[in-house]
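Okay, got some structures for you below.
Shared between the two complexes below is subunit A, which pairs with subunit B and subunit C, respectively.
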Partner chain A sequence: MTPEQFEVKANPALWERLGMNVERFSGMPKMLTEAFRGIYLSQKNRPARMEYFDGMIAELHSGRVEELVTAKDAGRPVVGTFCVYVPEEVIMAVGGICVGLCGGSQGSIPDAEKVLPRNICPMVKSAFGFKLGKICPYFQAVDLVYGETTCDAKKKTWELLDREVPTHVMEIPQMKRARDKALWLEEVKDFTSKMEEVSGRKATAEGIGAAIRVMNAKRLALQRLNDLRHHTPSPISGKDMLLIQQIAFYDDPARFTANVNELCDELDERIAAGVAVAPAATPRVMVSGTPMALPNWKLHHLIESAGAVVVNEESCIGTRYYKDLTDESTATVDEQLSLLTDRYMKIDCSCFTPNDDRIEQVLVEYRASGAQGLIDYCLQFCHTYNIEAVKLREMCEREGIPFLAIETDYSPEDVGQLQTRIEAFIEQIRG
Partner chain B sequence: MTPEQFEVKANPALWERLGMNVERFSGMPKMLTEAFRGIYLSQKNRPARMEYFDGMIAELHSGRVEELVTAKDAGRPVVGTFCVYVPEEVIMAVGGICVGLCGGSQGSIPDAEKVLPRNICPMVKSAFGFKLGKICPYFQAVDLVYGETTCDAKKKTWELLDREVPTHVMEIPQMKRARDKALWLEEVKDFTSKMEEVSGRKATAEGIGAAIRVMNAKRLALQRLNDLRHHTPSPISGKDMLLIQQIAFYDDPARFTANVNELCDELDERIAAGVAVAPAATPRVMVSGTPMALPNWKLHHLIESAGAVVVNEESCIGTRYYKDLTDESTATVDEQLSLLTDRYMKIDCSCFTPNDDRIEQVLVEYRASGAQGLIDYCLQFCHTYNIEAVKLREMCEREGIPFLAIETDYSPEDVGQLQTRIEAFIEQIRG
Partner chain C sequence: MLIGIDLGSRSIKLAAVKDGILAESLVVESGFAPHDQAALLLARFNARRVVSTGYGRHLAQRHFAGEIITEIKAHALGARHADPSCETVLDVGGQDSKVINLDGAGRVKNFQMNDKCAAGTGRFLEIMAATLGYTLAEFGEAALAAREGNAIGSMCAVFAESEVISLKNRGTPPEAIARSVHLAIVDRLAAMLNKAGHGRRLVFSGGAARNRALVGLLEERLGVRFTVPERPEIMGALGAALHAGTLD
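Our next item is the complex of A and B:
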């Protein structure tokens, strides 16, 4: 596909039906089209199978939303989430659909700042603003939102979001001892009851078992892709990998898995044929830290425009979403919920204290990815990741790993300054 | 006492013994002397019994610290805390002493910012910096610190503080349902075991019962004082009331209670005699929000210098510390710990979600204090109070209460701007 052939599709009738602010939203597909052409379709030598994922972006405001509306019409609940802690398997087990909500764009932040303080996380502000402004079709399509207590800003914003769209909150414990797992299991059980109530369907062992298998397959496909991507020279760009990990939160899981595996087959061939997106000598950078919600491509675009390739994301839109699988060997619902709880408790979010497993995990991924430097990415005012970066920096010093900590938001204001710092960092890697 | 007679005492030999940075700290008593003379002793018509509390400030770096060291020498553990959630009764039950730690001063923030991010809470940075710089005698005197998980910045900073001084962390739940109370009770039991281990003494029903009575008496004395203070015209300044509430975290509980009650007796007499700190027509302002650790007098000094009187603090250094008592009617340790848990779960910190009880509590205190306007005080980057201020503002609009939200840190940089805003707010009250 040439850049000119790509277009994010519009569907004003659908948007109208969803109660969106159509007038304000109507410029959005064009803006996304231009950004995507410039940032994505200008890349050289992309895998052919990226076409599917490009197509998902083309359908982001129309086709995929239509699928959700059709599912709703058929009585399937659609649940919006903001966090990898909400167990999708439970939603799927009652025939529901789990979808990530908009929160990666500067455009909605002024809406949020009419209510929220300015100096909180841009992702939280962006998400809240999308709902206030009625400019996210996913927010408009969901039956309810499941929030969580992973950080101060989210926890308190859900109280205000609940006035705009029904928002249920799961309490995530702050430690990982037996009593915390017990609390979390109770939360997962409550969530299951809520999903049964919303759907009018029972979460059976068959349903949960099937959902666990679907999600395990999805996570395995992403693991396979990330392993292939670690090859030197890289068979796929960091930007494309980021895009796929972002689409993981929007797409139908089974279809997504099939397409990721087809892309993996192509990457196998590329590696065998020595085809890469950049020469083997290209500096390799790993990114750790806070998530990058669609269409937040700011950091990856800066890094790859500066002549490096991003080879791993240790992030919730990254390995934290798919590094852990759920045990499939159980028979009863109680056992399944308990094993799901175990799986989700492995997530090494910085909301936990202590969270030293994450520091070790970053090092494991750094070694596996063949990276030559670590950039820690922190969304502005994210206290937990920001303070945890102290330990990441120490680990990097201990291991002799070049380290750069970046704290930024969605605005373009600091792009020049970031570019200078990133270029200097890449020069340091080149040595 | 004339301002010239007041002096914060020095004790370099004691500081040396505590491993302090004596050279750096030696200028501190003089700085505090000057600040206290200017801000406190310049006030007109103070109650005579404030002399005791002024004396506590004079002994802040010497006499009170000596008492702690003497207690330690006698085998009594000294525990430092940062939060009204840590149950002091348990520390007292094993013969220990609970003391608030330094965290209210700009001077230690540059120390902290060598390690921590700049854009987190000034109280957390100040506290961490006091320990790093070895410039807080209390931090040096404690056997251990008990932290908690009430906010992101504290939760993650304790991980780093633990390297400097043994820091145990209690998990505070984020909701207030039965399962949260169960988790919190487990934490209180763990805390009790830890205190028994540290002290080598058993927490008996007699010991806990006695401690509950001491703390109830202390809280009742503060309630009595705050009730008297609500009288129009005010018999005591807001600055003096703030000072007493700050000293509550440093002083010996029984001695403190006796002195508060003596001050109350004097205020009874002043009210009967029509003696006040300011005329009845003086605008009355209530402050809500984040705590003001000693010597953070910035906001109160600005408000009272602008010609108003502060008549209530809805804060952890304020009513949140003493509004709730513990049931004294039980016999066994298990019952006592359970009732302590109930008492502490009533604290309406913004770390909870939802926390609408706090909004109602602010209104109750506002009405009781005869305030004519509410200033919400938020330490910079305190996300939970900052976002909860949205609901406070709405409540004030609904009730027709003049409302001003202030977000600030410990630096003098914004004083001019705050002064302008506060003066305009007081003019609005004057109508």
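Our next item is the complex of A and C:
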């Protein structure tokens, strides 16, 4: 596909039906088309199978939304989420659909700032603004939003969001002792009842078991893809990888898994044939930190435009979403929920204390990915990741790893300054 | 002749190097079309190679297709030329300030840059000097002349300006205010140097290094001595020219 052929499709009739502000939203597909052509389709040497994922972006505001609406008409509830700490398996077990909503766009922030204070993280503002402005088809399509207590900005915003759309909040403990696990198991049970109520269906052992298998397959496919990408030279760009990880949050899981595996087959061939996105000598950078919700491509675009390749994301848009699987061997619902809880308690979000497992995990992934430097990404006002950067820096100093901490938001204002820092960092890696 | 050209936010600096020695240097205002300005400067030289750096380096690369390096690397190279055993560079520029730590071989080990506000940059000094009706040079001399003054509380350029105005209205002598403003910047720069960590051999580069009050107060605060190059404002351009020499 040439860049000119690519277009994010519009469907005003569908948007109307979802109660959107169609007039305001109609500029959105055009903006996204432009951005996607410039940032993604201008890349050289992309794998052919990226076509499926490009197609998912083309259908972002139409085809995929239509699928959701059709599913809703058939009685399947759609749940919007903002965090990887949601047991998606429970939603799927009652026939529901889980879509990630986290906002990654500057465009909706002014809407949010009419209500929310300015000095909270851009992700929360962007997401909330999408709902207030009625400018996100997914937000309009959801029957329920799942919120969590991982940070103060989120926790308090859910109270306001609940006035716009039913919002179920789960308490995420902030330590990982036995009693915290017990608390979270109770929360998972409550969430299960909530989903049963919303869907009118029971979460059976069979249903949960099937959902666990679907999610394990999806996570395995992403692990496979990430392992392939660690090859030097990388057979796929960091930007493309980021895109796939973002799509993971709203695509149909089984279809997504099949397409990721097909892409992996192609990458296997590329590696065997020595085809890469950049020469082996290209500096390799790993990114850690706060997740990057669609369409936040800022940092990856800066890094790869400056002549490096991103080889890993230690992030919830990244390994934190798929590094752990769930044990499939159990029979009763109680056992399944308990094993799911075990799996989710391994997520090392910076909201936990202590959280040294995360520092170790970053080092493990750094080594596995063949990276030559670590860039820690933090959204402005995201205090937990920002403070945890101190420990990451210490670890990097100890291990002799070049380290750069970046704090930013979605605005283009600081792009010049970030460019300088990132280029200097790459010069530093080159030596 | 090897040319380094530093397209900064406020001025363009050019350094011409021959046989590893600075032969000539020029400084002009950036103006509205910095790359045209730069091209005019370049036309005066018979350059064998041009390397550009600074805020406008990508623009320069599009127009006269030279090599580019970042300000960080350029200042590191320039500082190492001023003091071959330099371990840390402090560069206070028009838009941003940086601390760059070097390893034994002079390579960049790590660096820190201030965030997007004007605090602790040349811009901040300029705004405060103008508020008091001083030129930049007078501003530093006034601060040297004063014997007292406490750091002003605010480092946001907007708030600091109103703080300075209210001090003025209360009859505080302008020299004392000048000293207070300098002390505030020194606080900020010292914090940056402490956070980044620094060696014992320090070079202070960038136009602000001409300000003796700033250098003196910072030395006092940190208990160190800075090497101040003869022409601190061209250190980036010099670094770029020196880099040109390594490309043969």
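Criterion: the second predicted complex is superposed on the first by the 430 of 431 C-alpha atoms of A that agree within 3 Å, B and C clash if a C-alpha of one lies under 4 Å from a C-alpha of the other, contacts with A are read in each partner's own complex, and residues count from 1 in each chain.
Keep in mind that, in the parts below, a contact is a pair of C-beta atoms (placed from the backbone, for glycine too) under 8 Å apart; a residue touches a chain by one contact, two chains touch by 3 or more.
Please read all numbers here as calculations on a predicted model, not as lab measurements.
J.: Kindly classify A:Gln417 by the partners it touches after superposition: subunit B alone (first), subunit C alone (second), both, or neither?
T.: Once the two structures are laid over each other on A, A:Gln417 reaches subunit C alone.
J.: Considering only touches as defined above, state whether A:Thr282 meets subunit B (first), subunit C (second), both or neither.
T.: Once the two structures are laid over each other on A, A:Thr282 reaches no partner at all.
J.: Considering only the touch criterion stated at the top, classify A:Gln372 as touching first (subunit B), second (subunit C), both, or neither.
T.: neither
J.: Could you let me know whether more residues of subunit A are touched by subunit B or by subunit C?
T.: Answer, by number of touched residues of subunit A: B.
J.: A:Val169 contacts which: subunit B (first), subunit C (second), both, neither?
T.: first
J.: Applying the touch criterion given at the start, work out whether A:Glu407 contacts subunit B, subunit C, both or neither, answering first, second, both or neither.
T.: Both partners, subunit B and subunit C.
J.: Now for A:Gly431: first (subunit B), second (subunit C), both, or neither, which partner does it touch?
T.: Touch partner of A:Gly431: subunit C, not subunit B.
J.: So which bits of subunit A does subunit B touch that subunit C touches too?
T.: 407
J.: Which of the residues in subunit B end up touching subunit A in this complex?
T.: 115-117, 119-120, 149, 151-153, 155-160, 169, 171, 173-175, 179-180, 183, 186, 350-351, 353-355, 380-381, 383-384, 386-391, 407
J.: What part of subunit A is in contact with subunit C in the complex they form?
T.: Going through subunit A, the ones touching subunit C are 402-403, 407, 413-414, 416-417, 420-421, 423-424, 427-428, 431.
J.: Which of the residues in subunit C end up touching subunit A in this complex?
T.: 55, 69-73, 96, 107-111, 113, 115-116
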